[in-house]
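Okay, so chain A shows up in both of these, paired with chain B first and chain C after.
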Partner chain A sequence: MTRTSFADAGTSAETEASPATAPTSFGRARSRAVARQIVRKAGSALVVLWGAATVAFFAQLALPGDRATVILNIRAGQAQLRTPAELAPIRAAFGLERPLIVQYLDYLRGLITGDFGNSYQQFRPVTAIIGEQLGATIALSLTAILFAWLLMVVWVTLTAGRGPRLTAFGSLTDVVVAGLPAYWLGILLLLVFALGLRWFPVLGGSGPEGLVLPALTLAIPLAGFMSQSTRAEFERALEQPFVLTARMRGMGDWGVRISHVLRHAALPAITLSGWALGATISGAVIVESIFSRPGIGSVLVAAVNAQDLPVVTGIVTLVAVFYVVVNLLVDVVHTLVDPRLVQS
Partner chain B sequence: MTALEAPGQTLNAAALLARRPWGLYVAVGFAVLLLVAAVAPHLLTSRDPSALDYPAALQAPSLTHWFGTDESGRDLYTRVVFGAAISLPIGLGAAVVGIVLALLLGSTAALAPRFIGAAVDRLLEVMFAFPALLLALLLITVSGPSAISEVFAVGLGTAPGYARMVRGQIKAAKGAAYVEAATALGHSRSRIVRVHILPNALRPLVAVFALSIGQSIVWASSLSFLGLGVAPPSPEWGALLDAGRSYITVTPWLLVIPGLVVVAVSIAATTIGRHLQSRLERGDRA
Partner chain C sequence: MSTATVTEPPHLQPATDDVRLRVRGLRAAFSAAGGRREVVSGVSFDLLAGQCVAIVGESGSGKSVTARSLVGLVGRGGEVHAETLELYGRDTRRFRARDWRRLRGRHIGFVLQDALVSLDPLRPVRVEIGEALRVHGWGDRASRSRRVIELLTRVGVPLPHTRARQRPGQLSGGLRQRALIASAIALDPGIVIADEPTTALDVTVQAQVLAELESMKQRGASILLISHDLSVVAQLADHILVMQQGRVLEQGPAAVVLGSPSHDYTRALIAAVPGEHTRGRPLSPGSAPRQTERRAARGTDPVLEAAGLVKRFTGPDGSVTTAVRDVSFTLAPGETLGIVGESGSGKSTTARLVLGLERLDAGTVRLLGEPWSALPERRRRALRPRITVVYQDPLSSFDPRWTVERILLDALPREDRTSASTRRARLLELLALVDLDPELLGRFPLRLSGGQRQRVSIARALAPRPSVVVLDEAVSALDVTIQAQILDLLARLQHTTGVSYLFISHDLGVISHVSDRILVMKDGAVVEQGTPRTIFGSPQHPYTQQLIASIPEFDPASLTGAPLENPDPLPRPIDADADGRAVSSIRPRPATEVLS
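Coming up: the complex of A and B.
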């Protein structure tokens, strides 16, 4: 789901406030500066990933009580004291006798090679559990982002900068829609389009038609959220000299909006891509539950219920990796496209 | 307005009336109603939220049962009213936890010595990489589902975004001309922080807090809906939704109405928050 626009206002203000020095030289000096900038960003992305992995590791220690007992109890589904003989195989399997620092380093090494540890409950690698379900969620997530872009572009192009009434209505809709809880929206869509009109199957199913309602449930609030920043930028761009120039060349209103203004206005929404991916994957937790779809959301809810921490931290870490990588890509693209962002 | 007024004035008054923030009045009215529901639910309903009445099970909304009844014949309207006493404190508590955490982290990042500030900056980036719901779920895995863990989970989940905002506000205030002036006047650093930076940087938080209450109620009810927060038969709004899920094909209002209440709360909080925000901004300019 969405964070408030407010929280994000801080972010965009920050980006604008960062020292954007004018390009002082061109050619080699600039490409060196770009390269340095990219390396720096990749470095700080690595630090964030290391931090996320550390949080994930220590969360696994946070369950109260002896870890081997906890694991055995979670596996058995009942809490009781265990004999050392019962605990010994668990200790050995999870390497719990080793000093904490060794376990930590081993965990980090595992993450790098794609090993997220073993599930407490299923005694299987977490990677296998996630791997089986990841495809469905990624498909849902990407479809939702695509829908959100379509909705947002159409809505903003139609309503932004169209006189006070329509503009006010447009931005009010953005705010209201962005705050809609996914569970409620999903239920409404399900009631109207699946149970009422019977356009779509009630239970997800595996076909593309089963994907439409779940994706829309995620896309509508996301579109409202992205519209807020796009609309502001769109209205700013409409006032720019290049718009006047285009109009003077005899370009119609729609032409100006679609081929000139939209491009400028889309930038802040592109910046949100990393966040949007994270938001749709975490929204999938709710949507998969409503539409009974398979996916890492359902796995996560089951794992939280069972206190199967390696599975929970595995999914959470994976989403953090997605977020960091997509953000890094967005940053790099921005640096390449916009010379003002390169700090000398 | 009297009949003696000139037509022109009447027109002005009408225009003024049209410009009144009706949305705000409705939002405040709704907020007051919710407070009454939370503090004195018996003023709004004469029924008992857990009174069973099996012959009247799964009835559609009617004059006797405004929102219909659930599978045990309990009156949904009464349950929604009593739910306010659970959902509102959870939302309020989560908003407080979120804002306090954000204040601590954000102001440390902006005001502490460089190496501490940079460390907190990194920590915020790490927290930001986890989507709010996932951060909340991580905490609930460790602490187990309950109202208290819901409060802390939602607070923790929303904190990074607000912390970033606090940090940005303080940094902006630090660079403002009045801080430069105070420095030039030789005021001490602690005095500048106390008298100039914090009040100016934190004033917008009043509006953020209002927004965050609505947001937190939505998040908390989502957790309950997933069965990871307050569990049925509690009349907490998310739990009502969770309980109604099995009957979606028969009695959709069991899901639609509690959800609508949450949406209304969130819109009301947003309306009030936005109004505060624009008032504070106007105040800044004066």
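Coming up: the complex of A and C.
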């Protein structure tokens, strides 16, 4: 888009002189830029995934103790020293006697083909274990993000740029809410809305009504967090000349806030959402245990405690995949909301 | 809630005597932490159908607040009082938010400066223009989009269907300003308020926008024009108010206010407008007259020689743009070389190449007869003090945490740093040179006025006793009276120190006032060079001709035929106008002529 600055120069004679070619060549340049961006993004996504998988693999090796002994002890449920004869079948079964680089490449090949290995503890493929729990966690995360956006948008639109007192109250609320600990908030919600008012079931349940309180537990601090950055951007956008222009056209305050300002203010929150989706998966552990919900979180905690490394590795890699995919989505949404980004 | 509707004003009628806007004793104040501050004190005027009233003033004069209080949008903490404030005969003082909303856009259109930020940058212009219709419930979706195209066509946007789908950032400056105007006149409001509609626009674009406003006026719209630029106001206004610090100092018919102003401030404002007719004389009343023999001491060897400069930039998509192509010039001692061009013409890149801040792709720069561009930066340092620069915005070129003293101290060459007393003496000498009070040494840049900042910035540039000072749009952001003082100061400094200026500006008036020779740049190339007399008198290149034709004609002496009380303005050359027409008209040329 360096071309437009040149078009500015020449009394716009240039742009006007070649009317037919301008839009098409512009369109071609744009689609080329988009294609280049996609290739670059996909490349960096692969690098991130490879990095996460590699770190997870070598973290296993870094743990103290012989791996075969660990595996055997997990299975036997008791910790003791084993003889080489006892360990030999384990070593053979997991290929531990091979050189490290071969094991690593084998591991990578497994990841590409979707084979995460078998759980030490449950004697089942890791993919099956994760697959059973994944749905519940994704439902929880997405609902939490949705709730957070609703709360944030309503709260910021109501309170941002409304005079000193209301603004101060709004941003104070943001800070306080963002700092609420999830376990405390979860128990509070449970006490009030499940035990007290009996609006929602106490124990998770699989239906949508069981999802509301756990999702809110994650969403409320997140909404406070996103509000802080959105509010700053919202108030900045309210002062922009184009907002004045909109008011000069006869647009009311609500119209200005919703149809102009919100779009500008949403950009930082969209970026945060990518981070938040990953964070809600990790944060799900606490919520799942408070509300006795199934999910990846509790599987991860159990696997870490039991040193069930294939499961841990699988979940870490999965979360990395999640982050990468979500951030690609965030980039797409970003360019939809702010089309100027395509050019730069 | 009032249910009365605004009576439909008669549109598109020839000028009659009906008063569309009547203002008496308008006052506006803001409550701030330090108490209540009045920024508009008693403004009164009438705006008739088909008339243009202009409010002229410098920054802080209250002109924009006046305009905004007419539509009830002075902003947070603002309070407006008036003895009379009538729009189409309705008293707006008791208006509720809803009454205002009905009025805005429908009966009053508002055009702000710089459409890049005054239109929502995330949306295509058709949505922005259509919003003006939608808000007032005009038509259905299909008829609205037809109307948008019709409006864009009316304001002279070529290819309206394509342009309508583009965002402001994708349009050139002129097109997007016209799109902004289209959104303001979407419902044919009887009144259009234009707040600095051409500020920050290139001169050729400015001419297009002014022509558009003129044709709106001819169609019967009443225009309230807010501007700091007298030459713009002279093009359009029938009636002028001159404001300073919230007060109207003078008002009357345009020809009277500009031709025989009664207030000293108005006279100072008019005299401060630089141009070819002001060459060789001070612009500011306090300044000593410039001596014309100042070039006597000029040597013959150039201090700066640029030969065949080329600079290319590679864009993010791999496309190569040539920002500077084959630019050559020389600068003699004590000479001022003006480089004039519109945004994107490569004039600032040329300055950076000359300063050695940008690597050349081809060509050479020699400073004081020695190699300059060919040297690596390490070996250039010895010569660095010989060439210095003053930028448009001094504030961003100062460390905000440094005092004036430290800023200037930093620029002193080694020979002036030998002892505390020589340092002090040199600092005081520098301040005296730029007419600043030594008291300011302890101040931070943020606590200086715009004019003071630019003086500090000039003092800093002069500190190492340079042979060449590059002035990159150094006066472009200043109010006209401050600009006049700085231009006078620069002239005096050149006279006393014999320094050469490379003076870069988009403002043809300033360039013609200061330059001994002029380069005209377009798209990175020098299209014409010569003395001000040849460039402005008989421009050869079509682009230069277009540029000169776009300059708003402003020659106060010609307005009434009565000579201005200001001392001996040099007569303008008879062939000053590119088209060979007399230079005495304040009427702009017809829209078609400029837009073609």
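General observations
Everything below uses one rule, namely that the second predicted complex is superposed on the first by the 304 of 344 C-alpha atoms of A that agree within 3 Å, B and C clash if a C-alpha of one lies under 4 Å from a C-alpha of the other, contacts with A are read in each partner's own complex, and residues count from 1 in each chain.
Heads up, the rule we're going with is that contacts are C-beta pairs under 8 Å (C-beta built on N, C-alpha and C of every residue); 3 or more make two chains touch, one makes a residue touch a chain.
It should be emphasised that the depicted structure is a prediction, and the values quoted were computed from it without experimental measurement.
With both structures placed on the common chain, the touch criterion links A:F242 to chain C but leaves chain B unconnected. Touch criterion met: A:I187 reaches chain B, while chain C stays clear of it. By the touch criterion stated above, A:A59 is placed in contact with chain B alone, chain C being left untouched. In the superposition on chain A, contact of A:G250 is made with chain C only, not with chain B. Applying the stated contact rule after C-alpha superposition, one finds that A:V175 touches chain B and leaves chain C untouched.
Contacts of A:V304 after superposition on the shared chain: chain B is touched, whereas chain C is not.
In the superposition on chain A, the residues of chain A contacting both chain B and chain C are 1, 3-4, 6-11.
Contact residues on chain C toward chain A in their complex (touch as defined above): 71, 73, 76, 97, 101-106, 108-110, 112-114, 117-122, 131-132, 135-136, 158-159, 162, 167, 169-175, 180, 183-184, 186, 202, 204-205, 208, 313, 315-317, 319, 321, 341-345, 522-523, 546. Residue ranges of chain B in contact with chain A, taken from their complex: 122-123, 125-126, 129-135, 137-138, 140-142, 144-145, 158, 161-162, 164-169, 171-172, 207-208, 211-212, 214-215, 218-219, 221-222, 225-228, 241, 248-249, 252, 255-256, 259-260, 262-263, 266-267, 270, 273-274, 277.
If you check the complex, the residues on chain A that touch chain B are 1, 3-4, 6-11, 13-14, 17, 44, 47-49, 51-52, 55, 59, 62-63, 175-176, 179-184, 187-188, 190-191, 195, 278-279, 281-283, 285-286, 289, 300-301, 303-305, 307-309, 312-313, 315-316, 319-320, 323-324. Across the complex, chain C is touched by residues 1-12, 15-16, 19, 22-23, 26, 29, 32-33, 36, 163, 240-242, 244-253, 255, 259-260, 263-264, 337-340, 343-344 of chain A.
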